[in-house]
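Letters A, B and C mark the chains in the order given here, with residues in each chain numbered from 1 onward.
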């Protein structure tokens, strides 16, 4: 059907506005795509269905993509799924290649976006029925697989990194266990505040933004070397699409991982970019360079990130099961319009289905254009003196933390607590990135572990006897760990180069 | 063998199973790291040499403690006096602290920064987007 | 810096345009309240669930008569009660929830100090009559009664029911369990097991994975899987709803129709939504809210909006609501007292 029969000029405009606002939300530390969509939910009620969905898809695409800006420029992941973007993005900024890094990230994003949307369009129903074949056992193993990245990004001490990761997992368990509504691990007196545990977002931006600000204030807020880089210097090492020449396989593999993990209901979006980064490192010809400002890592994280979007829509639109928390909010939007998502959604609503696909196409293109051409200006953020930008970041983080659960003061305290904790972590050698990955994935790890045992009556052998997919996943896990250990050995032998962890 | 590989599942105890496993792993890892460290130290002959410095040399006491105190104070007054006044005050003080002097220009910059940012955030998020602000 | 400012300015303008269409204007009637913004916290963290939808619908219709803006915040039960406990008495923070508000206290999933007596109960506004039980499309029984008969006829079989603990899902499962126990004896009821899990998606997945034979669900959430044309391996069918009356447009028998009784009384559970206010809320505000709700309940558009997702209007004025809910609570306290401990019936 013709694109303009379905999308009115208004819906294209709304999609545009959606992407624009989405990028802002994604770029502000503490605001997420999920939040943007939830906020606009009541507004969509007054809109036409296709217009509403165009706006929301725009917000979704923009929100996921915008996260890369602060991740690259300020070493603060704007959304949890851009955590891995900081690993190579920020080192590039420190080398004076911030603009280039952003452009690489955006290009990877649009490739991931289009990849997943193609998969969504052509294979949605088939893949969805594969997705529900993944029971809790397989999901548990996928989370374990994502966690193996901890081993490969541990800097210096491998054991130290793993230890940090497990601390992260442990702290994520604080609060109520959903099945039996029982509280655990809560320090006495905090039963009310910690009933739901520490919220991810304040923890994330506390560890990154506040900790970094504390560290810099200890050093007296001096201007960083990369702030004085001359702009012209970047001309020599400019962004061209040629960077992607050797990265085609990486880009496609990462998009695939992103789409696939997005597709699995109940496995969070962050797992996508984390696993994809880990794979990029395993397959890389020079794994030791990843984490020091290599486009390769950036591409892996960002293409997986946007691959996620189409992936998460697969089970939603062809089965009615949201693939992640953001699509769960989309269900709300459809329901407010009286449209039920379920296995018959696509055949029953052909116009809406086309509308969604067109909206995705437009949103991806708008995202690319908006970001690609405004990057020159955005990249200048790093030249703003710290005494101006840091206070702004703090207030944004506070607002974001307060708002993430719709107005909870304790989340602001969480932000500050983990800011301080992150600062102390740096001093005593607990590694922040492994800690965070453990924290992000911990709850899901537990859920699927317990769910698997509930199914097997407590029998642990279920993890090995479940079926071929489980065995395949075990193999992947083993390979990933072996690679990580070899890589760690190699980089240690390479002469204990002073790899200074950037956070 | 069968017993070893079976976890006792009881509904009212679901919530304790996984934390116990994690704690066991953490203790195991901590002991392992400690042992390895001791072995390394014995090899090097530096078993008793402890040198740990928390702060860097000549760290900026004023800025560091100032930041910590301001952050906590900000959070404390936020809900009491509302978002706008608290943020304007906080941003003014912290910008001034980061600049590090109280010349006229610094005050102007701080004031401009705090007013502009707080108002824009308040208007954009609190009013337009209807986000719940403190 | 200048450029940045320009960009910001443009952004604000664009946003202003986008937001304009959404402004609400007071209608200038007598029932207007003094607060310019009401924060409505709900007992669920989901914006896709029935609590959000019912809260959203009623607040959209209340904004006009109350002459205020209402913002629905999905904060979850524990936090919603916390916020309500801290709230001022001017009505600027209200809570919206369903029967879980007191069932949770009885089951221990919500703290004792949040019991109904400690709040001012506002009007009851709507019902989700869709609380249902489902099985796979090819299950050897079509109703809840038949499932019990089937268990009786097949002494080697068990039935596992996927539920959520501590609320509506558990209470309705308890009703079924107690009825089977009364009618067929423990020989049959001992073969009913529970698979306790979280969200609706988890319960659906439990059915598909074969970890559960029957799941608790709802018309709104599960109807799509029961339609003609759905593939066999995900197809579901309704075994019954717990509401007092059938839902229009759906051919699903109620528990009562099937003869499910506990203590000789028909087992009926209607999931009702109502407002909760701070204990010391201003009387003036409370009565204005009640008046406004009464007015909205008469509005056919409101009923039409609710009907989109198979919800129905159900107005109980605030002054009757407290007695109404306390009585309802008492009925179910009995069931909870006799209900099986989940420790015994999970594996």
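We adopt the following convention: a residue touches a chain if its C-beta (ideal position, glycine included) is under 8 Å from a C-beta of that chain, and two chains touch if they have at least 3 such contacts.
In this text, all values refer to a predicted model and were calculated from it rather than measured experimentally.
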Of A-C and B-C, whichever chain pair has more C-beta contact pairs: A-C
Chain centroid nearest the full-protein CA centroid: A
Centroid comparison with subunit A (C-alpha atoms), farthest chain: C
Interchain centroid distance [CA atoms averaged], subunit A/subunit B, Å: 21
Euclidean distance of C-alpha centroids - subunit A vs subunit C, Å: 32
Centre-to-centre distance between subunit C and subunit B (centres being mean Cα positions), rounded to whole Å: 38
For subunit C, residues contacting two or more additional chains: 11, 15, 39, 73, 196, 342, 346-347
Shared interface positions of subunit A, touching two or more other chains: 176, 179-180, 406-407, 454, 457
Two or more partner chains touched - positions in subunit B: 9, 11-12, 129-130, 132
Of all residues in subunit C, those that touch subunit A in their complex: 1, 3-4, 7, 11, 14-15, 18, 21-22, 39, 41, 46-49, 52-53, 56, 60, 72-76, 78-79, 82-83, 107-109, 111, 165-166, 195-198, 201-202, 204-205, 208-209, 211, 220, 223-225, 227, 229-231, 233-234, 308-309, 342, 346-347
Residues of subunit B touching subunit A in the complex: 5-9, 11-12, 14-19, 22-23, 25-26, 29-30, 32-33, 36, 54-56, 59-60, 63-64, 66-68, 71-72, 74-75, 78-79, 83, 87, 90-91, 94-95, 98-100, 109, 113-114, 117-118, 121, 125, 129-134
Touching residues (chain side subunit B, partner subunit C) in the complex: 9-12, 120, 123-124, 128-130, 132
In the complex with subunit C, residue positions of subunit A that touch it: 17, 20-21, 24, 38, 41-43, 45-46, 129, 132, 135-136, 176, 178-181, 191-192, 195-196, 265-266, 319-322, 328-329, 331-332, 335-338, 340-345, 347, 374, 377, 380, 384, 405-408, 447, 451, 454-455, 457
Residue ranges of subunit C in contact with subunit B within the complex: 8, 11-12, 15-16, 19, 39, 69, 71, 73, 196, 342-343, 346-347
